[in-house]
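In the part that follows, the structures are each spelled out as structure tokens.
Presented sequentially are two complexes of chain A, the first with chain B as partner and the second with chain C.
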Partner chain A sequence: MNQKKSKKPMIISLCLIAAVYIGVFIAEQFIPQQSMLFIVLKKGAVYALVAVSMNLLNGFTGIFSLGQAGFMLVGAYVYGIFTIPVAERMNVYQYFDGGLVQFTVPVIIAMIFSGLAAALFAFLIGLPVLRLKSDYLAIATLGFAEIIRAIFQWNGLGRITNSSNMLNMFPTFNDFNILGPDGKVTVYLSTLIPFIMAGVCILLIVLLINSTYGRALKAIRDDEVAAEAMGINLAHHKRLAFCVSSFFAGVGGAMLAMYQTTVQAKSFTSAMTYEILLIVVIGGIGSVTGSVLSSFLFVACSEWWLRFLDEKQIIGNFEVPLLRIGFRMVVFSVIIMIVVLFFRKGIMGDKELPDLLSRSRKAKGRAGK
Partner chain B sequence: MWDTIFPYLLSGISVGGQYALIAIGYTMVYGILRLINFAHGDVFMVSAIIMVYIMASGLPMWICIPLVLLITVAIGFLIERAAYKPLRSAPRMSVMISAIGVSYTLQNLVLYITGGLNKQYPTIPWISDTMQIGAAKTKIVTVVTPFLVILLVVALVLLINRTKIGMAMRAVSKDFETSQLMGIKINNVISATFIIGSFLAGVGSILFFTNYPTVIQTSGAMPGLKAFVAAVFGGIGSIPGAVIGAFIIGIMENIIKGLDVILFKLGVIQAPLGLATFSDAFTFALLIVILVVKPSGLFGEKVTDKV
Partner chain C sequence: MSKVNQDSTQVLKLENITMQFGGVVAINNLSLEVNKGEIVALIGPNGAGKTTAFNCITGVYEPTNGIVYFNGEPIVVNHPQGKMIKQYGGINGDLYKDRKPVVHTPDRITHLGIARTFQNIRLFKSQTAFDNVLIGTHLRRTSNMFTAAFHLNAKEEKANREKTAELLEIVGLADVADELATSLPYGKQRRLEIARALATNPTLLLLDEPAAGMNPQETDELGEFIVDIKNRFNLTVFMIEHHMNLVMEISDRIYVLDFGKQIAEGTPEEIQKNPVVIAAYLGVDEE
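Showing the complex of A and B:
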């Protein structure tokens, strides 16, 4: 579209991203592991991936899906099922004679399994659901997420999913730290690895968005009828977007499992989907950069920066009123409502990082507007 | 066999009636604004929380109940004015996101006020008393609910078919813009819709929580979603449809909850299958089936999109 676009902003963006990764690596070696910073970074990376995968559907394809938590659940369970060490299975599946699966696969392969399983579910769900429009589709995907949750909690599948009991003991982010011979950690990697995992996945999504497929998806978002008239196969492209998005939601679910160290079906409720949707909205529907930034902001605010609102604060002799457990979330939701109502474009609108850096962006005018 | 099924059927009818009262709020708002009001289930929950606090203040019962309904109505009205009115000309997706935001806010607000603890719902005299019907022992509320629901629905249908505001509502739901041109004050009509919806949700919450005695910030989500499914099932925009859909869903859900026991007593199965897990999932499966087979629902009108 814009052939003359200079390469400079792109290169600067890549340098910035590389700097962030190096920064994370260095920070990890020198700042104590218990710092809130790392909790925020790890959880932020997980949410960033999930938010971008949701944005691919809601922002770039215009399919308003609310099934994200369901696909994350599939991913998290598949990861857990294939990576719990055989020796621990007797403890984890204590009510089910050690479970049915009696082998493990390497973490990376388990994560790919997670994604594939979620994509398979998405394919099956997509058969009936993708024929629906806007809010019917939203409620149907939400319904499917609830059905998946019920299936995974069913006693009949207990030998695989451990029924409604939790899965744990599988490898977590902390297992990526490189240990010296004396059992002490020599190189900390527990934050960098999730960053790399999320980064690779997001890169793949960005490549998809910028490909022919991506342009077709955007055309579907802007006008379905016109897109169809231009020869875009609606059903095929929608199914593709739905499966790809769910694949990465599944991988995100596996990462969430690693972050949380336990998996339990009952925590993957529709409230989780809503949270991710709000992240996407705050970041800007249709901006990958926005989703990533707002994931970190969202996690940092809810876990760290607004934490002081939950505790008594005394300034001089004056005790600040209203502050007690839960006030943080109230303030937080009010901020979200303000964004939703008055800053509907979110942080980034539909711009990406290189757009921000190119100075002459106003003169160029954006194609497609 | 009848003795085994009857208690489940009875509580199904009762729960169905309570869903019906919530479903009407969904179906009316959708009929007019084309918006899934995700916050409606939370209004239902907030109404219960208000009841907890107002009853704790020691006011007499005949003041409490009207006061609770009044506050619930006010909340519904304010939500519409604050969160949906500014987005009147925005794309539908933004309004839906705003509704999700309101739901998130209400839940967090209640979490803050209650400290995240289960609150005991106050006992309301007479309807909380137990009684014996055939083989089943149940609270009076179970029996009262269906009759009250039918009474309210008849009143509502009369309101919609016989009064000026009702006529305005029908006009707005047929064609938003033309009715504006005809001099209907859209904002008043929409407010009236939200007021009626919240009122019924308030009544529903009194009936519902008399049977399920604790309230927590998330207790509105599931009944809300199910009521929405009921509204879709019956044909969104149609009030009788929503009521019938709600009764069907309520009954099916309770039968599935008791299916293990029923099958066991009939000698079909030897050991419990744990089918009760699927009572929620069934509702959504029903939703998907109806959306695929007949998207306009049982009584809905067929809508075609024009280019």
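Showing the complex of A and C:
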């Protein structure tokens, strides 16, 4: 019956994912680090994690939250605050006497701190906000993200957050490369490590979604009244989803800090939340695979493949009209509109990788109305 | 205390329940009892307040006044408060003035052992029949988020899956377990809702119009089915139903509601002969 479903698609999916990791590792050793490919892969991995965490909330629990940038900001700052080497603190916190925190913790611990801090904020903000429904919740969380951005730039907190000055000098992705005795890189890991970090986090989210809690969250999404009548405590489960989602958004924020090498509150705008929302929608609301794929596509399009549109292009003697700085975004918007118009349910709908590979897709059927 | 002199066989007892929405009194001073092992029906014309009564029992609404006992425990206690003191249109408004209001959310009440189905089917529409029932087992979990995510509750999960398969077998939906719940025909969706309710391990099952939209043959089958699951799971059944054949055939007792008021109570034979009930259903001659 249900549990005796063929394991084969699952195994093939795992092999595919493993192949991707091996591919990344090999590519990193042979392709020059300056290649756009790695920028896309690194940023894509960060966005994939954040998009999946947003999907957990918006796609699987049916809570429409727009606070993602705020939680990422918290994560990024916590990471920065706890990992800047003590020796560098005098430079970083030059206006604040070297800052308040005078110790560092290992990167992994700092990332967990990032997640926990974001989850704590989520818990507190969730107390009043999770009583709201749909658009109201979206507006309230959006407001939270804006407020938190302002608070982190406040001078009064300068000894911790460095006010509106940036945090930097903390370990970045490039610090994961293994150096030889002569100071030269022998093994490049600066792309593989973010892949592993994001992969582990996404795996945890997938495990949660496939557990009895994940089913309860989907039940809440499908019908709150019925879910409650089935004994599912709405407040508890919504809070849980909100905190877990924010935890991983916080970890994603820490990774974004590593990717950007600097953290500044003013870059965590609502536009960042919209980018992530767009990724979720394009990938398919309720599909982890979709979110991951679309975040790489999105980052590749916006950072790499459409770059040529921003520059003058001359084919033979003909200068292609309209191409100048900013035109990329026009084309990009049109592409997004096309996707939204013609692939209403995103690239993946609510299917996952193993569903695509299995021959008998009777179980999922034609989902939706 | 009224708690002490409760009959131990009394599973559900409503005492002077009044539900008032603004100025509209939807249920007026309803009192009724459901004893262990009984099938009790609540009937009445459209808009009589039957589903409202269900919603008061299951915690969806907070009644304006009155007490609901479940197995002798008061699970809902309320009296008119605030603005309602002035507006209150029911009777016995000051009976429970000194009692502390007790309010439970619907999930809490399901925990206590009351499961329900809905008049307009409310299945989890993006999920399979199997998963719909499986969700019903979630509330009796012993796992927490971490043990569940890391599959440390494999034993429990397996037991739940077996229980789900068994329930689907009992309601006759084993062959469509992997179908999307909403793709099933109407009658099967009703049965699926019952299976889902049973998955919560209830002692009292509230059925809100289980035969709505069914043809006579399906209705007959449903009657047998309800009696069957009642005996099999040691349940007490309290149902709202419009199909009089079904009601008369399987209920032990019937309560009749009209315009929020209880107008009659008795065995099916008594109800059939009761002139007040006939008047409520067919109207009275003006002359």
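Here is the rule we use: the second predicted complex is superposed on the first by the 361 of 369 C-alpha atoms of A that agree within 3 Å, B and C clash if a C-alpha of one lies under 4 Å from a C-alpha of the other, contacts with A are read in each partner's own complex, and residues count from 1 in each chain.
The rule is short, and it goes like this: contacts are C-beta pairs under 8 Å (C-beta built on N, C-alpha and C of every residue); 3 or more make two chains touch, one makes a residue touch a chain.
It should be emphasised that the depicted structure is a prediction, and the values quoted were computed from it without experimental measurement.
In the superposed model, A:M111 makes contact with neither chain B nor chain C. In the superposed pair of complexes, A:V299 makes contact with neither chain B nor chain C. Applying the stated contact rule after C-alpha superposition, one finds that A:L132 touches chain B and leaves chain C untouched.
Contact with chain C, but none with chain B, is seen for A:L207 once the two complexes are overlaid on the shared chain.
Touched residues of chain A, counted separately for chain B and chain C, are more numerous for B. By the document's definition of touching, neither partner reaches A:M272: not chain B, not chain C.
Look at A:I232: by the touch rule set out above, it reaches chain C but stays clear of chain B. In the overlay built on the shared chain, the residue A:V92 is in contact with neither chain B nor chain C. When the two complexes are laid over each other on chain A, chain A has residues 225 in contact with both chain B and chain C.
Looking at the complex, you find that chain B touches chain A at residues 34-36, 83, 86-87, 90, 92-94, 96-98, 100-105, 107-109, 111-113, 115-116, 218, 221, 225, 228-229, 232, 273-274, 277-278, 280-281, 283-285, 287-288, 291-292, 295, 305, 307.
Note for the complex: chain A touches chain C at residues 1-3, 204, 207-208, 211-213, 215-216, 218-219, 221-223, 225-235, 240, 244, 286, 350, 362-369. Residues 58, 64, 128-129, 131-136, 138-140, 142-144, 146-147, 149-151, 153-156, 225, 269-271, 274-275, 277-278, 281, 285, 324-327, 329-330, 332-334, 336-337, 340-342, 344 of chain A are the ones that touch chain B when the two sit in their complex. Across the interface of their complex, chain A is touched by residues 58, 60, 105-108, 110-111, 115-116, 118, 122-128, 130-131, 134-141, 143, 145, 148-151, 153, 157, 160-161, 165, 174, 177-180, 182-183, 196-197, 199-200 of chain C.
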